[in-house]
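Multiple structures follow.
Two complexes, one shared chain (chain A), two partners (chain B, chain C).
Now for the complex of A and B:
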């Protein structure tokens, strides 16, 4: 213990400190400022004064906010379930011994490389022009019009979101599956555990940490769904597909409610952090059971 | 082995959450952070502009007029080689402008509509008073009044000089009207008769483009001034009246129109609808003169005209909806204010104004400058005689998103909701949202 302090290489500071500064300037400082303004009546410009908790209290009586939260949770729940289900299936398929495995992997990863906006615009065209043509040809009433203009607009948005999000989650599951020791499977084979049994008792428990990561990232990402909605429906028709992020953006900038929507953003932050923490807590416990 | 994977994933996860939750909030607040940085940048930029070669930024909220403004700027630059003007003309310009306002980064010259965004800019006290400029006297009084009316406390000063004006009503395909043997309708009953005639001939009367929510406003904007008392906007603000009490007829007629629209009017975008209309797929479109240049892109020889929306059976009440489409405002604190004023006065010259409206199929707010094009011939006389009413939504608070409400109203109609319930829900929501539009 009395040994003289080890010299710490200066290079390590050089690696970390600049990033900390950048992170602070572009992430932490704006974040703190947002919290600050949420206690004012600032419109985004001009004069302002402190209003205490008024913005926060108003959130709870604002129907727009309530509706947006309801839609956001509904959307995030469905998207998380579908994305995890399908990406796990895809990963299992891609991890087995099939032909063209690498080509398929590349194809499934492609949507992830495209920007959300681009994907949104492409599907805008598909929904407006191609699907109605198909719907008319097949005589399906609900498909014969652009579904983004109807009460079913959320289905269109959900479909595109799931399709695009599959790529990254599949990748994570795939890396999980590849880390599973093949010897375990051989042993399981000898014990007669195959098919569903093998998946339930061996594969899934072993990739549990990857399931945790996917669940948390999905929920967090979908609770903040924004770009695909702006590109496809702009929150419409009416306010049918307005998520909380879209509401914050539209009302905050277009509706001169900067301070009020800052309060809304702070609330969203708290909600997302609590949900993520809760998920981590519960899912890690579950993981521990399999240790 | 498994332990390490777990701890790695756990720590990666923690980082991901912390990082991304900050990122989530930075979307709203980054605008404010940038404040010191950009305003400093802006002031250095304009300080250099004090010296002889001035560089100005002209911000236009209309993507349609970018080319013509550029060509006028080129002319101006030939006469004033020491003044360089760059145009900024982004998508969703109203939002961009307000965002820049949050950063105190106001462009030197702003070309924008006399709308709610102007109202906010003027209310934020960042614009120069242009009442005493020599060209102010040449502006038509009816349009000056429209500017006064949206200003804070209806102040009688010109913080924006009306330049070009627009007209909204019913755009119609002249050839299709001729072929069907119908005249331009003057009353609501005649209007419905025309619609029925087209429908029974197997033609689509209206091409509506309600996928874009702002397109749900033109029918409302055209009907509301014809069917309600002119004191409504003031009374509503003073909470002496409600939408529910006064706009029943507007809402009923709105639903009536939807019956004559093409099948997928909720799923058609403005761009797609303009194309379909220019290809002769429908006889009429409820929108404004700004769409005409879009039609011409699809069909150069398209014969189109605009008539005043006949919302009432009393002909004297059927106004042309016309507002200030473009006005010029100057940043009060611009370091190159003189150069900016010089450019605006160049824009206000009659020959320049004529060139501008010819290109835009627009109308001029300047006395004696008239639109000669046949595409808007039917409303020319009304505009010259001042039989115009401003867009009612220019008087609504900017947080009041009527477009979304109207889009919802139309969507419910498309989903066959009971009309009486739809109307009462819609008007009730209008009142609720109007009252809560401006929080704090």
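Now for the complex of A and C:
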């Protein structure tokens, strides 16, 4: 039973150690460096000294950071709700007895293939030219200006994000729905469980694991929203649509706030890990209850 | 009899709604993109109308302005080289970890090391990474390719170990009895059996590297090193008034990936689903 002393062929070390070292140097070390510098006042160049927790304390009274967090949470929450709601509906539609099923599935998945950045640029045009034209023609005041230049810029960014994220989430829900045994539906039909009742008591509990996957991936992805913001509003107008990632990028690289934004990044890391853990824990517990 | 009938009956109502929605949500934006790319700037009064005359110069102008061939070759190099080396090296690491983590602590620790690294978002390491990259002179096409291969490790180790677990160790042992060393066992026996999960890893890696914007943005500053995605961002201010030129340029970036999708659509959809559900 002293199996643990079994000799490991040296080749296995050769297979792993070089890659692990590279990973450490280019991934883990920068991560640790970020944590280290978050306790200093380094600008990204020149001299620095330790400042203890000052960066972290400052974050909580900084309006820029506060606004970025508020916007990011608001944005991630709405995007998660809308994406999951619409993609579930879309998946239910695609899973029902329809014609051209595979073609429709392929069409709705298409946006996933397109880069966020270019999608953002294309919709920029829609918001800057097409919608205002439509708004003027119909006499709707709110639509007759470029929404991305107003206080409602977030709506534009949200719409495009939801549009693009639907593809992936629909696919996940669809594969969940396809795993549901058809006989179960027929049994439910006999019991008179149809429509909403059937969805609530039979379909949803069965696809709950897929709901968990989607929620976790959505929240994590949207909390780090970057590409579409850079493409559509560049964080504006003012700083109205600046997410945390955009703030870290802008102030960290161009604003000589290397150490300070490192603290911001560490905080983002803690937030994302805690939310992901919390979600996994709570949602999995709920799944278990359904069983 | 009734059961058979209900199986054959299609819901035309739902089919209709889905087709209508797809036209509005998917085809209209695509149509708009194509039409604008083909139009003359003077022909933009009625944006959605078909172009009065097709202006191919939009494409040749965008081609020259963004230096398309250079950006394409950069992106192509990054994507293909990352793909090949990710498949070969990441699966190898996962194999060594998977086969030894039950009997040796070192490999078990490596497993958890990579799994926990999955929780570190890229944005969190990007500031120090830029310093690290300029220190090692990897702020270029070759360097970023190298980083993609290394950064894929956590996720791919996770995907690969899950699959390698299902391949019987007896196969390894039989080959060893025949005198093969671990390298031969992996490349001759195990690696060919990994094809389904390798397909998933390949698709996810391809999508990531081809469409990535953030990593090129912070690492590739020289014009001759930039990728297609990044060049669209860089040229945005020069495009600003000329939408026709800009859209022609976007189409040239989207076309390669649309072509890939057209031919590998089934494969891509199952690969992406597979990868997400395993997470």
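To be clear about the criterion, the second predicted complex is superposed on the first by the 265 of 291 C-alpha atoms of A that agree within 3 Å, B and C clash if a C-alpha of one lies under 4 Å from a C-alpha of the other, contacts with A are read in each partner's own complex, and residues count from 1 in each chain.
One rule holds in what follows: contacts are C-beta pairs under 8 Å (C-beta built on N, C-alpha and C of every residue); 3 or more make two chains touch, one makes a residue touch a chain.
None of the values given here were measured: they were computed from a predicted structure.
Participant: Between chain B (first) and chain C (second), which does A:231 come into contact with in this model arrangement: first, second, both, or neither?
Facilitator: So A:231 only meets chain C here.
Participant: Mind working out whether A:94 is in touch with chain B, chain C, both or neither, as first, second, both or neither?
Facilitator: second
Participant: Could you look at A:163 and tell me whether it touches chain B, chain C, both or neither (first, second, both, neither)?
Facilitator: After superposition on chain A, A:163 lies in contact with chain C alone.
Participant: Quick one: is A:240 in contact with chain B, with chain C, with both, or with neither? Answer first, second, both or neither.
Facilitator: First partner only, chain B.
Participant: Give one of first, second, both or neither to describe whether A:27 is in contact with chain B, with chain C, with both, or with none.
Facilitator: both
Participant: Who does A:51 touch here: chain B (first), chain C (second), both, or neither?
Facilitator: Touch partner of A:51: chain B, not chain C.
Participant: Pick one for A:67: touches chain B only (first), chain C only (second), both, or neither.
Facilitator: In the superposition, A:67 touches no partner, neither chain B nor chain C.
Participant: Touch test for A:217: chain B only (first), chain C only (second), both, or neither?
Facilitator: Both chain B and chain C are touched by A:217.
Participant: Of the residues on chain A, which ones does chain B touch that chain C also touches?
Facilitator: 25-31, 33-34, 37, 44, 210, 213, 217, 220, 224, 226, 245, 248-249, 252-253, 258, 261-262, 265-266, 268-269, 272-273, 276
Participant: Show which residues of chain A lie in contact with chain B when the two form their complex.
Facilitator: Answer in residue numbers: 25-31, 33-34, 37, 41, 43-46, 51, 54-55, 58, 62-63, 124, 127-128, 132, 144-151, 179, 206, 209-210, 212-213, 216-217, 220-221, 224, 226, 234-240, 245, 248-262, 265-266, 268-269, 272-273, 276, 280, 284, 287, 291.
Participant: What residues of chain B sit close enough to touch chain A in their complex?
Facilitator: 2, 5-6, 9-10, 12-13, 16-17, 19-33, 94-95, 98-99, 101-102, 104, 120, 123-126, 210-213, 263-269, 272, 398-399, 401, 404-405, 407-411, 414-415, 432, 436-440
Participant: Which part of chain C faces chain A closely enough to touch in the complex?
Facilitator: Checking each residue of chain C against chain A gives 7, 9-12, 14-15, 17-19, 22, 25-27, 29, 32-33, 36, 44, 47-48, 89-90, 92-93, 95-97, 99-100, 103-104, 107, 110, 113-114, 117, 119-132, 147, 150-151, 153, 181-183, 186, 207, 210-211, 213-214, 217-218, 229, 232-233, 236, 243, 246-247, 250, 253-254, 257-258, 260-261, 265, 268-269, 272-273, 276-277, 279.
Participant: Help me check something: in the complex, which residues belonging to chain A touch chain C?
Facilitator: 3-4, 6, 8-9, 11-13, 15-16, 19-20, 22-23, 25-31, 33-34, 37, 44, 93-94, 96-100, 104-118, 121-123, 125-126, 129-130, 133, 163, 168, 171-172, 175, 210, 213, 217, 220, 224, 226-227, 230-231, 244-245, 248-249, 252-253, 258, 261-262, 265-266, 268-269, 272-273, 276
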